[in-house]
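We call the chains A, B, C and D, going by the order they appear; numbering starts again at 1 in every chain.
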Amino acid sequence: MEGVATVTTRPSGELNVSGAPDAAGLLDLYGQMVLIRRCEERLGALFADGEVPGFIHLSIGQEAVSVGVMSALRRDDTIASTHRGHGHAIAKGLPLEGFFLELLARDEGLCRGRGGSMHVADTSVGMLGANGIVGAGLPIALGSALAHQQLGRDAVAVAFFGDGALAEGVVHECFNLARLWNLPLLFVCENNGWSEFLPSSKQIAFKLGELSAAFGLPHVAVDGNDVAAVAAAAADVVGKVRAGGPAVLECVTARMRGHFEGDAQKYRNPDEIARLAERDPVGIAARQLLKTGIDEAELTEVAETVERRVEAAVAAARGGRDPDFEAAKAGVYARAGGGHG
Amino acid sequence: MPARGAVMAELRYLRAVNQALDDAMAADPSVVLFGEDVGEAGGSFGVTRGLRDRYGPGRVRDTPISEATIAGAAVGAALSGLKPVIEIMFMDFTTLVMDAMVNQAAKAHFMFGGQGSVPMVLRTPHGGGLGAGPQHSQCLEAWFAHVPGLKVVCPADPVSAYGLLRAAIDDPDPVIVVENKALYAMKVEAPERLEAIPIGKASIVRPGRDVSIVAYGAAVKTARDAAERLASDGVEAEVIDLRSLQPWDEAAVLASLSGTHRLVIVHEAVEAFGVGGEIAARMADIGFDELDGPIVRVGAPFMPVPFSRALESAYQPSVERVVAAVRRTLE
Amino acid sequence: MPARGAVMAELRYLRAVNQALDDAMAADPSVVLFGEDVGEAGGSFGVTRGLRDRYGPGRVRDTPISEATIAGAAVGAALSGLKPVIEIMFMDFTTLVMDAMVNQAAKAHFMFGGQGSVPMVLRTPHGGGLGAGPQHSQCLEAWFAHVPGLKVVCPADPVSAYGLLRAAIDDPDPVIVVENKALYAMKVEAPERLEAIPIGKASIVRPGRDVSIVAYGAAVKTARDAAERLASDGVEAEVIDLRSLQPWDEAAVLASLSGTHRLVIVHEAVEAFGVGGEIAARMADIGFDELDGPIVRVGAPFMPVPFSRALESAYQPSVERVVAAVRRTLE
Amino acid sequence: MEGVATVTTRPSGELNVSGAPDAAGLLDLYGQMVLIRRCEERLGALFADGEVPGFIHLSIGQEAVSVGVMSALRRDDTIASTHRGHGHAIAKGLPLEGFFLELLARDEGLCRGRGGSMHVADTSVGMLGANGIVGAGLPIALGSALAHQQLGRDAVAVAFFGDGALAEGVVHECFNLARLWNLPLLFVCENNGWSEFLPSSKQIAFKLGELSAAFGLPHVAVDGNDVAAVAAAAADVVGKVRAGGPAVLECVTARMRGHFEGDAQKYRNPDEIARLAERDPVGIAARQLLKTGIDEAELTEVAETVERRVEAAVAAARGGRDPDFEAAKAGVYARAGGGHG
């Protein structure tokens, strides 16, 4: 199949991927992963304590995908995310305080408490929103890529989605249209093996690589728990997308928590859960760093810095105001007028 | 059909739905269920728990995340001898099944000139109150009620949840059963026996002479609470639980209005262009001579369902707003 | 903005839409069109003819048959600096774009807390009269009017078709422009200049003192014809063309009702749970004291749009039915 | 790719396909094609004269697909059709008078004048309806296949669709679900090269064979203008579907008329139109028959028989009643009740 490449990286734990970040770069990626991890752990606790309303889907275990892919993007590149979008949001550079303020439903939050976890957005950094509708981010990213192309910007758009989302027809429509219009659009599938409470193998009858090939989309598969590998693959594929059109990046990863917080995961084999720690992307990166000569103390420092940032954001969020109802009601339209009924 | 649950001391809404599915499947082998996670996991809200074990993986099927195909397949299955009951996890996701429901299910019997029919049921929960935000809380029943060929019911309590679902499954036409997430935990004392409740019939849940309050779904409780509050001021409100939205019980509403001469309509859905609009419009026509005051609606304001608790509680119809509406029409 | 068409002797509805697109594209390079066969073929109804040649294949794109992606892409494009105008070939096919329009386009500005907006337009023709049958004739505008965050307009004549579309394209929010297949051929004497018409404002197309007839789309002509017929019997009907359905011009309707004290509402869509329900309900509340007779609606009966000419012509609102409705409220 | 076969038949004009019908069988198929052809020509004329309301999409040039596929089906097998469904309907055995009565919007029509061309159906012969919504027939056929499977019937369901429909996401959803549930479902793509006024190559970025392979669906491609070839391929693949699960049959064919009647086809190359006659499936089958020794007179007789049947049906249709409005209004539900508003 013309133009179709499949790349699979080495088993995690070795920092040997061509084009991979150097030690300083890896430390930076590591720091971002620790940040996301800590944010989500903290959110989990806040949720359990009733401080976060609604329901939240944590991306713990999948941080390497967010951090690795985003390391290849510029601020003017755009992304459309999913219900499991905290990692994408933080890695794309959302202000941490605005993020926590939003998750705690405060008026000072990024979305002024109207959206919450499933709708976090920051258009100023090209983050076009988490999304509560599986698959709905893809056409949004496609439209964004169309805007980049049509307005002569050399930006790319990235659509994140899970393996379960592959069952939604709109995903296939987007593959087709991206190819037809040769859009600067990268499809990033976070293949964590699950779609809610069922293994996605019971829901998806095909391999993404083969599907991509049928659509004439270059497909790159990477160990999504190895941030260096993801970063290297993303740097390569994003460059190609920017220059020459759409591609698919499949990140094989693992959901270390339940589908949502509060999910007891009775459907999951305890062995599988037990083995998850081995694949922890934060641990993998830590081991890689230690091998390069970085010492424990530096990692501890990263953790401490992150801890301070996160606690500061949490404290700020707790101090936020409840949003005002009349103001919210007045904010349905960018330009109101008439009586809406 | 006697209920298995006849010995239960209390009945929860969620359990009533489960029981209705169970009894319908036991009674008729052509009843099948499919939807996302309705099988092994027993449903995202636990509604279908135990049914896959009882009726097997052929009759209770887990589907991929393909709502359009779930609904379209139900149409084809219904045209071919099954009685499919599908679950759409949140009513907000019915945005993805509109073609199947509106262009196919609703029209087949009519546009094929009476050949065949589409005995399918689409179950889906609507409603807020759980901080689920703008894409997981919507009440979109007015869309379906506008479509000739569909029927729509919305049970407000466990007994109706059982009875309307049984009627829906028995019905030869496509029926949307709108459940309510916040009501799943509601419990009542279990009745002696559970029975099908006819589609199209309202229920007077509280008699009264001063004003008629028409409600459905979670708003029935709000209306009852408002009626209690009003009673302490000497205003006797009659509360009508519509139960069915399409067809809805015009005769019952008109009869009540003829006794009270005042009408308030309450629902959780957005007020503008909502179900209450039709009821009000109809009564402003056929019930005009009975009206002694304005028809006042209480529904959600014209905004998406907000995430924050503070916003969402101000957003949902409250006892205070219903009381104020009644006072306004009595002025 | 002066119209290119200022010298035309007559203006057709179809041509007015084309002109609005043309002028908007000339004025603003961020306006782009896409949809099925809108490019090389110039649209299934010919609305976009010539635009691809004029503005190039980048700004006027033919898409595959992927409605959900067409609409969803418009949302993403609108969030990223374009002003997309998409065409959905028949309003019946908007069943396939509900998620994009309702869960994404309508809510983005609100749920992102005011960041960005979605300046997109969805153009689509509704309406019957062409024997196009149950899946190519529906009027589904009530669905969209029920959704906070969307705006909906429905031009009844060439001048409005131009003006409302220009306003829709200029608008920072998502707007559904509902055209009417049967009106595409309608022509009027061309005005000196064509201008944007503000969204949310109705137009009194015929003054009168005895009854207010509120209509939109193709029903405006029916209402006018009915008014002529009534005039010969000494009944002076005021005819209001709503033009915008969301937001709709409550003040104009109330003002008219305050003069006439009688209200009839006419539209081609199914009457039950249709746009007229909201107008009637609102007037039965805020306009109650003005009402001297029942509010009567004239819309399609509760059935799919039938194929046969005999059935379809009985199905569509007629001058006779409007006259009878007026007589009933005057009784 | 396991279980995936691609079969391409010889260029049309030779009757040499293994499992192909014998001369008597071919004459029967020929007769059905002539019947469909004549019905549609007649409909075109009636439409031009204003006797058929609405709009109609003729399948002239594609008769071999309908006839060939249906020759492999039983009465209890079900089909879901498209906007271009006359051929499917007639080949599946709809009564001709009821068909014409419907197209002329008569009360005695198969759908009592409520549906017309795009909604012709006859559930008694397993024809679950033409469809005005591109792609919408696939889930209906899938549900029908599910019913066959679940109720232990050994019937199959067939979903017809055009090449343009491949852009609709629901098609891909159905491929996935049919494979997952191993349904007795045959997907028949009528690849006529056009989607309304554009070549489908400008709308579809993939080859159906490759897409099918990605979904693990056996794919058979056949010259859709050679009825013997279609019949042979259908017999084979329907047998496999009945025994063992879903497959795709791609019939490469040609639309000899406009998209709908009244379409001037300005977008179409006159050369292409001129060359269409060579590929006319009726002509191809006639030449094949003549080679087997059948003589012109027999073909003429077929044409005359068809002509009589069609004219009788047209006459009957013209004599039909207009449907009654109140009866139509009362027929929205199978079980009415309450006031619907």
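Here is the rule we use: a residue touches a chain if its C-beta (ideal position, glycine included) is under 8 Å from a C-beta of that chain, and two chains touch if they have at least 3 such contacts.
This is a predicted model, so every value here is computed, not measured.
Participant: Looking only at C-beta pairs that count as contacts, which pair of chains has more of them, A-C or C-D?
Facilitator: So, comparing the two chain pairs, more contacts are at A-C.
Participant: Starting from the Cα centroid of subunit D, hunt down the chain whose centroid lies farthest away.
Facilitator: So the chain farthest away from subunit D turns out to be A.
Participant: With chain centres taken as the means of their Cα atoms, state the distance from subunit B to subunit D in Å.
Facilitator: Computed value for the inter-centroid distance: 40 Å.
Participant: Cα centroid separation between subunit C and subunit D, in whole Å?
Facilitator: 37
Participant: For subunit A versus subunit D, what separation do you get between their C-alpha means, in angstrom?
Facilitator: Measuring from centre to centre gives 45 Å for this pair.
Participant: Would you give the residues of subunit A that are in contact with at least 2 other chains, written as numbers and ranges?
Facilitator: Each of 111, 113-115, 119, 131-133, 167-170, 173, 176-177, 180, 202-204, 328, 331-332, 340-341 in subunit A touches at least two other chains.
Participant: Mind pulling the residue numbers of subunit C that touch at least two other chains?
Facilitator: Answer for subunit C, listing residues that touch two or more other chains: 63-64, 66, 68-69, 92-93, 95, 99, 103, 110-111, 133-135, 145, 148-149, 246, 272-273, 278, 282, 302-304, 306-307.
Participant: Subunit B touches which residues of subunit C in the complex?
Facilitator: 92-93, 95-96, 98-99, 102-103, 106-107, 110-111, 133-135, 138, 140, 142-143, 145-149, 246, 270, 272-286, 288-289, 291, 293-297, 302-304, 306-307
Participant: Which part of subunit A faces subunit B closely enough to touch in the complex?
Facilitator: 53-55, 105-106, 111, 113-119, 131-135, 164-165, 167-169, 195-198, 202-204, 267, 322-323, 325, 328-329, 331-332, 340-341
Participant: Please give the residue numbers of subunit A that touch subunit C in the complex, ascending.
Facilitator: Those residues of subunit A that touch subunit C are 78, 80, 102, 109-115, 119, 121-124, 128-129, 131-133, 136, 138-151, 157, 169-170, 173-174, 176-177, 180-181, 328, 331-341.
Participant: Over in the complex, which subunit A residues touch subunit D? Could you list them?
Facilitator: Contact set of subunit A toward subunit D: 1, 166-173, 175-177, 179-180, 202-207, 210-211, 213-216.
Participant: How about subunit B: which of its residues touch subunit A in the complex?
Facilitator: Spelled out, the residues of subunit B in touch with subunit A are 36-37, 40-41, 44, 62-69, 92-93, 95, 130-136, 271-273, 301-304, 306-311, 314-315.
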